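Next come two complexes built around chain A: one with chain B, the other with chain C.
Let's turn to the complex of A and B:
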């Protein structure tokens, strides 16, 4: 059987599971275990199939046309290296989320709203990656959007979720419109919408730039590029946690897949100026996303904002690949491209893991507000360890995987002096500085997320009585944490596995890394920089255990009782500890005044009054207030004006039709 | 012989446009119906002539349909409806006759200017025919727009359909299916609208479509 057929059978199995879920939703326990089990099986088969195909068939493609869809077209599906890689990302996330769901789903109070859509959502994402003509692509894209919308609306009675669903739906329609226009430009006058035909056709530079901008709007709105990100921090946290993990960790990657497929694969050789747009948008997204995350005190929203940051990092890397490719610099281009794919993989690992952790905290305490958490490291020891792994990985610290991909991206940034255009020569280091800023802020952000939620003392009764979650959830998180460590220690293996994609898309690859001594990676040349995850791991392990041993052996064992160290910690009340907003205050002072119009308001009671003093922090989302609110106002105003058209007489309607017809004829008469 | 056949079909199509103009200035319903019957008769003649010169016997069927349904049955039926409703004395143009005629001239000029330019490669007969057909369609729409009464809007709609039939028969090789469907659509539209007239009459004691607006609670 052809490899693509195997994938399509897995998709069919997922869709079948969705249908079974509709029938089964009466019996809660059985349905939860059965549906998530079946979904996990289908995802695992699809992942192994795609992964083996990626390793065994470099450069090949497996195609299939199904006689469904438009009668004279059929639906085309194709499995090549790029698709295989993204299938691995999608199905790995899907399998992990299903495993997590077996345990997490038992606490679901409305399983009939989640179970049918969960496999359908995964099927939709798989189909988007497999689609090989514009029609199937858009159809599957819409299917994916609608299934995820249904999951966002699963808990529609909770406050804010209906609005999140509405904003998501509007932005998804807008994104699809942009994609529709992009494919319209790609097909050109011949009107063939197969990807093979689009790839073969030549595209004029102006059309190519237009398509790139439309793809940035269409795929970017789904991936969360600033300023199209507004739906993301509303919708991702609204869904159940394992679905949030899929939306953040996987669905944004499917959007990135769409961007790569169209811009790198279908559009042909790029123009260097268009890479500038991608770079600037990516850099702005990275910094803005992480600053939003720092201002946040809701754990899941913080993670959603951090997704925006990581999408920005990936787009910067893709922009670098475009810039190098436009100038024919094959090696740096493949470096940037491989780094982007590596970060896609990494982000799907650790963001899924972190959302699972947030879900575990939510199950244990019922709280998403970090100011009501604290002290969980004593009550949820396993969750704390894996969540810490996720935090370290996403903060790009060695020896975990986040460091490797960001290091590779910086290696690509350092190649920028070889670019011939002065605009890029100046811009790329500036973007690199933005990335470095974003990376540092991300570390601060996750120190805050971990420190406030897991360390310190419990800030509420719910946090005090928390308990560890079930084994399935812990297993799913532990697998992902292990993958984070493995990809960080053995980056050469991952880079070599990614190389067929670079060959397929760019025509060039990085040098093979797996033969190098001590599992080092050397992306460009030994003199330019090399990294060895294994050595770093060994060094950290040895030095830490030496230090631990030394302290344990030589420090005094005598118990000493002294007055408590009173440095800022004299008040025993848990509310006197650092709060999420308090931790972020210095950064809010530096960036917030400009970017969020942040201001603090202190209300002091009158002398003699025993009411507490109040500190209120005011933040403005300028993107929403300056871009979206006026847009919403304009639409509302226009709709009110046009409302009068609903109440015309019959003659009025006829006159309208008549006037339109005559106007069109007049236009034709004058133009032709 | 070619020039004579061309002249005859040309004059029939031109006559159809002329009769459309006549419809524009009828302010009594009976006379409007009479003019419409004449309109349909001219169409039947024109289609029959096309059948003769194109040597296409199936067009005779279309001509017969036009003659029987549009020139005889529908006008007679509408006559009866008007009598039953007692509205034969109504004067019911919404826009003055002078501006309507001027607008009609403008529309004919537009359709001639447009069609003659667009169809530069087609043969002369089809070009003229299409230009006239578009004029008839636009004038039919104009009748619908400038009248208040539902009956005369029905008449305008059918005049518009006559224009479509003229266009369909002017081009060679149009299959019969099209004409039959067009004729039936008119018949169905006539029946539906006829029923609606009685419904409206039962409800509001009037076929002035203004009554519908009043019932929706608004005044102009």
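Let's turn to the complex of A and C:
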């Protein structure tokens, strides 16, 4: 059987599971285990199939046309290296989320709103990656959007979720509109919507730039590029946690797949100026995303904003790849491109893991507000370890995987002096500095997330009486944490596995890495820069244990437990600790005054009054206030004015029709 | 035989930074005291402090978690590994290719990440204030550090410290404006990262002005010894980094034989001592700045790094 057929059968299995779920939603416990079990199986088969295909058939493609869809077009599906990689990402996330769901889903109070849509959502994402013509692509894209919208609306009675669903729907429609136009331009007047035909056709530079911008709008709105990100922090947290994990860790990657497929594969050689747009947007997205995350006190929203940051990092890397590719510099281009794919993989690992962790916290305490958490490290020992792994990995710290991809991106940034264009030469180091800023802010953000929720003293009764979650959830998180470490210490293996994609898309790859001594990675040349995650880990482990041994052999062992010191006075009330907003205060003051118009207002009671002093923090989401709110106002205003058209007499309508006809004929007459 | 000598050189390097780090801090303190016309403690006082702390029991807060107890070891190990990878008296050490400059900076980031977490663990206000300010300073220092790396890499064509040191030590480099700017920027970053005046005051225990000391307020005994030792090492690391990047003259080329290693080590100790003297002089002459002036101070480093890079674009010889 053709490889692509195996993938399609897995998708069919997922869709079948969705249908069964509709029928089964009566018996809750059984349905949960069965549906998630079946989904996990289908995803695992699809993942292994795609992964094996990626390793065994570099450069090949497996195609299939089904006689459905448009009668003259049919539905084309194709599995190549790029698609296979993204299928691995999608189905790995899907399998992990299903495993997690077996445990997490038991607490679901409305399983009939989740179970049918969960496998359907995964099927949609698989189909987008497999689609090989514009019509099936858009159809599957919409299917994916709607399935995820249904999951966002699963708990529609909770406050804010309806709005989240609405904003998501509007932004998703906008994104699809942009994609529709992009494919329209790609197909040209001939109107051949198969990807093979689009790839073969020549595209004029102006049309190519237009398509790139439309893809940035269409795929970018789904991925969460600033300023199109507004729906993401509303919708991702609103869904059940394992779905949030899929939306953040996987669905944004499907959008990135769309961008890569169209801009790198279908559009042909790029123009250097368009890479500048991608670089600037990516850099702005990375910094803004993580600053938004720092201002947040809701754990799941914080994670959603951090997704925006990571999408920004990936787009910066893709922009670098475009810039190098446009100038025919194959090696740096493949370095930047590989780094982008590596970060796609990494982000799918740790963001999924972190959302699972947030879900575990939610199950254990019923709280997403960090100011009501604290001290969970004592009550959720396993979750706290795996969540810590996720935090270290996402903060780009060695020896975990997040660092490797950022290091590769920095190595690509360091190649920028070879670019001939002055604009890019000057821009790239500045973008590199923005990336470094985003990485440091990410570390700050995750010190805050972990420090406030898992460390310190419990800030509520729920946090004080929390219990560890079930084994399925823990297993799913532990697997992802292990993958984070593995990809961090064996980066050469991952880079080599990604090389067929770079060859397919750019026609060039990095030198093979996994055969190098001590499993180092050397992207360009050893004299330029090399990294060895394994040895760094071994060195840290060895020196830490030597130290530990020496201290336990020769120094004092004694430990005395006492109340905290705190310079002699510790307020026993947990509210006296640092809060999420308090922790972010220095950064809010440095960056937020300009970017969020942030200001702190302290109301002090009059002397002698025993009322508490109050601190109010004023933050403005300028993107929403300056861009979206006026837009919403304008749409509302126009709708109100046009409302009158609904109450005309029949004569009125007829004259409108007549006027339209005359106008159109006039336009036609003037045109020709 | 070659492997054994390689490992020996690498081992001596690790041992050298291990032994020299407290001495540098003691020396800086001594010079500062003499500049203030005090006699000051002996330069060996940091060693005595460490031994004393190691012998004492650990006084641990009731709700301190395993993370709080593991952090001193993780932090120290990360800094030690980073310090061992910066060439001190010889280039081309055995494990130099394990990590380039970006990795060394990131390893220090790992150490700081855990220390900031430990500051949050017990749930006192001081830990929180220290951690939140520390991460702010780090967020400002890291972009500047990247631009310094960029500037140096543009000149030397590498982020590998050995290669950079060899390149700059060779006579072809000469005086460069851009490297000078990068050096000033690196000094500023080093002052901030090591919690020195004017960003933070390592000697103060006046609570509201401190950053690093507030973060580690709950530590005692052997844990505190590890953290203090880590801080000594970090200071030596940054001094070695500045020396290795901008004043590598006298550094022994790898495989040059024992005599040149001894000479290299002697020159290195002299350079570190001179840097320590300058640090003491600067700290005595400057006052600590308000926390929210720090962004401007580090912003200057960022701009210097950027300017240095742009100058290199204008002309390769600047």
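Assume the second predicted complex is superposed on the first by the 655 of 672 C-alpha atoms of A that agree within 3 Å, B and C clash if a C-alpha of one lies under 4 Å from a C-alpha of the other, contacts with A are read in each partner's own complex, and residues count from 1 in each chain.
Just so we're on the same page, a contact is a pair of C-beta atoms (placed from the backbone, for glycine too) under 8 Å apart; a residue touches a chain by one contact, two chains touch by 3 or more.
Predicted model only: the values in this text are computed from it and were never measured.
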Query = Mind checking chain B and chain C on superposed chain A, clash or fit?
reply = fit
Task = Name the chain, either chain B or chain C, that contacts more residues of chain A.
result = C
Message = After the superposition on chain A, what is the angle at the C-alpha centre of chain A formed with the C-alpha centres of chain B and chain C, rounded to the nearest 10 degrees?
response = 150
Request  = With the two complexes superposed on chain A, say which partner A:655 touches: chain B (first), chain C (second), both, or neither.
outcome  = first
Task = Could you tell me if A:556 is touching chain B, chain C, both of them or neither one (first, second, both, neither)?
result = second
Inquiry  = On the A-aligned overlay, A:272 touches which partner chain: chain B = first, chain C = second, or both, or neither?
reply    = neither
Ask   = So, does A:628 touch the first partner chain B, the second partner chain C, both, or neither?
value = neither
Inquiry  = Taking the superposition on A as described, I'd like to know which of chain B and chain C A:166 touches: first, second, both or neither.
reply    = neither
Ask   = For the overlay built on chain A, what is the smallest gap between any CA atom of chain B and any CA atom of chain C, in Å?
value = 60
Chain A residues contacted in one complex by chain B, in the other by chain C = none
Key: Parts of chain C lying in touch with chain A, wherever the complex brings them together   = 54-63, 65-67, 73-74, 76-78, 80-81, 84, 95, 97-100, 102-103, 106-107, 109-110, 112-113, 116-117, 119-129, 131-133, 135-136, 138-147, 149-150, 153-154, 157-160, 163, 207, 217-218, 221-222, 225-226, 291-292, 295, 302, 305-306, 309-310, 312-313
Inquiry  = Under the stated contact criterion, what part of chain A meets chain B in this complex?
reply    = 647, 649-651, 654-655, 657-658, 661-662, 665-666, 668-669, 672
Ask   = In the complex formed with chain A, which residues of chain B make contact?
value = 94, 107, 110-111, 113-114, 117-118, 138, 141-142, 144-145, 147-148, 153, 209-210, 212-213, 216, 218, 220
Query = Considering the complex alone, what residue numbers of chain A touch chain C?
reply = 374-375, 377-378, 388, 392, 395-398, 403, 407, 410-411, 413-414, 417, 422, 425-426, 429-430, 432-437, 439-441, 443-444, 446-448, 450-452, 455-457, 518, 520, 526-532, 535-536, 539-541, 543-544, 547-548, 551, 554-556, 558-567, 570-571, 574, 576-578, 582-587, 589-590
